[in-house]
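Chain nomenclature is as follows: A, B and C, assigned in order of appearance, with residue numbering initiated at 1 for each chain independently.
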């Protein structure tokens, strides 16, 4: 059977996300409890977490998390890594034996920064440089896969139920200010760890429940901008689109959301002339970046996350707030499990994002205003 | 005159039990097939002249007429076919190039019919377009790589001009001269009603139709007929016609007898003079010359109008299209070898060019690999027969399609392929005032609107089935297609998987 | 009142209006039977003017102050005060042709076989004039107050 990346596999899922907007760190236990509540939404064929704020000692280093099928893949990857990067620390990611987690690959992490002379030679910034490195490993080294490449953050994923994955990676021992979780229900048994979610590139991590009908359109659009979609998953495409819009094109988050879940033309027609001009041109330029088909997804980007549905809301997404904590999940139960008395619970409308960011000096309220009370 | 070896191609069957000698058939046939014989007190037919346009069949008040393929055959021969032999008789008689009209009618494979479309089941809900929003609007034109906005959300990017289409269908170029005034009237009015565009073709824009300017694409072809400042500025867009799918590499010739006062004024040539479109533009012998013309036209219209380029689908279409995109065209229209024409040498029509399915797939792939696909729009033309063809064309990489033959069929064309005679009994491909009257633009425009609306409904249904609610998400979405009965090479060129994969 | 108007510019000169006028005023009301079975088929009640490419069918204008009604010597020609339709009562008509003479439009036809005046009655029995209903190019319009161009 073809491994993920050579064949496209639709899947259903559970997603959950938590942020403490004050930046206070909390352990991975909450997110584990939350996602475990939605056990029935996944089928044991993929679970994973993204944790932000977990590597404060190495916050200026790219934290590469790697899966290796064998030592040859590891050796080849390290040759490339060490040629281009100064590696401050390399180690096996600590795991514990867990009953339902089987066939684990070699799992390593590296804290590294590009060598200044290599960076200068490449005429790229360190992010571009690192993306190129990640693409190179993932498409050219058989049996090696970079599954996390951000700073002061890390992705942990495996084939298994999410609560077992958390146990396997000892997530209760990590402390972060923002956590995402994912439980997967794929429609085959790929058995490949790289296929689990979250999907990550630099500081962007995506957990996603849905199937993009627009996959091939989005993918081809991205390829024109130099992205290489190695996984054939919707999540990968969604992550790259946000990377393109937010990082490369510098769009504000709200507008990036209006690209992936564009307002309907009849809504645009009713806007003020200035808005109409903006939204029309946004669609004209980024039509092929529209994510079409059912999805709910959470995109974390370091400073916060966006939780968003497709524009006609074909997948579930609920949000809640208590103090400085913001919760989003596929089901309300997954929030109430870890937050008994939320101040408010709401169901965001299709295409209307929930944006939750760390509190900064120029604080502004960024929650979705168009909401339905749960 | 010596004996002609040609026998009638069709036979008129008249049921005399039903014929009431009303002579409607006689009055309607421009080919003079039917006549009334006073001695016999009967209507009689001259089968030799019949082209099977079926005007008489449909107007006969008692359904007394049937036209059949003439049963007269040659001794069966798989190589020396009926057409092969007759073409030789015809050329031995006349010494001339065989003329024909409409598109290639040879039995080449129709690749549209070897592709099937995907639908959602379980993992992805299909969408009911009657209950959920479903958007078909597209914009044609050059697109910048990215949008730039200031902190107050004002758009800083200078947007190139765009053509708004409410549905991804346009009426393809057909000149006034090749088709009638009434046909143009119907197309222009339908385009306005539908929020799409029609194309004047290379014969200029009649002054009566200037009012439809915002729904008009004007053509600048090698003959430069009717081109002046007002012509260019009246239109929504300008299209440089390099070639046509029905006759790649060939120019055009509207005989002087068709150049009436009205056509003379519209084309800006003396009435009664032959209107010759040279095979190439004599100021475009290379791609850099095309760039010059594109920018001349942009200058002339103050960079307010998209300038597109139409080419025939030929072997090297992908590289040519890439050159055109880089020469500054806002859109590229590609016309496949089944595209129609008002007149073409039969051998050219039937043997030159490649199918639009391959051409659009190759061009889309080529532009993507060069990273410029998103900057330019692609229009597929050349025998789009129904809404499924449109869905497939867009999934292969087109932004929109041109339809012309289908539009004419909606107006009454019966595909008799005799446009070049100028005797079109349906009032379409003719300038004879007696015949032009037969196409009532009032009826014609409604039929065109009906057709495009019907197709749009069907496109929405198919999109909904795929779980897509915006035509944008179908563009280049080749995973939505699967091939049946094709070789691996054909599948690879189309960039699709085989059914079951 | 509703009258039949013609869009000359789209009249194709097929004369189907004539065929259906005859049929509409025949015994059988069927094209085939009207032409095949009736020994004396009705005279058409419309006139077709033709000078190619111009062609159109002409039928009674049902004038307000109809000269044919005024001049009728037997009172056969009358205008219905309610509907405004001008009809000829063929039982009373003696075929003097005065009406034919005075009609400004030339819309009254001599039915020589029956020696009566024949003219458009707007297919009073059928509701809608047969010529309008069967015009293949919508060149004939049955409307109140003419046609807008």
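Definition applied: a residue touches a chain if its C-beta (ideal position, glycine included) is under 8 Å from a C-beta of that chain, and two chains touch if they have at least 3 such contacts.
Fair warning: this is a prediction, and the values are worked out from it, not measured in the lab.
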Sort the chain contact graph into one of these: line, ring, star, complete or other. line
What is the identifier of the chain with the smallest separation between its Cα mean and the overall Cα mean? B
In angstrom, rounded to a whole number, how far apart do the mean CA points of subunit A and subunit B lie? 47
Separation of subunit B from subunit C, taking each centre as the mean of its C-alpha atoms, in whole Å: 44
Centroid distance [mean C-alpha coordinates] between subunit C and subunit A, Å: 80
Can you name the residues of subunit B that touch subunit C in the complex? 18, 20-24, 27-28, 58-59, 61-62, 432-434, 437-438, 440, 442-443
Per the touch rule, the subunit B residues reaching subunit A in their complex are 120, 123-125, 127, 132-133, 135, 137-139, 141, 143-144, 146-147, 149, 153-155, 157, 159, 162, 368, 371-374, 466-470, 472-480
The residues of subunit C that touch subunit B in their complex are 7, 9-16, 18-20, 31-32, 35-36, 52-53, 134, 136-139
Quick one: which bits of subunit A touch subunit B in the complex? Just the residue numbers, please. 8, 10-12, 187, 211, 213-218, 220-221, 223-226, 248-249, 251-252, 255, 262, 264-266, 274, 277-278, 281-288, 290, 292-294, 311-312, 314
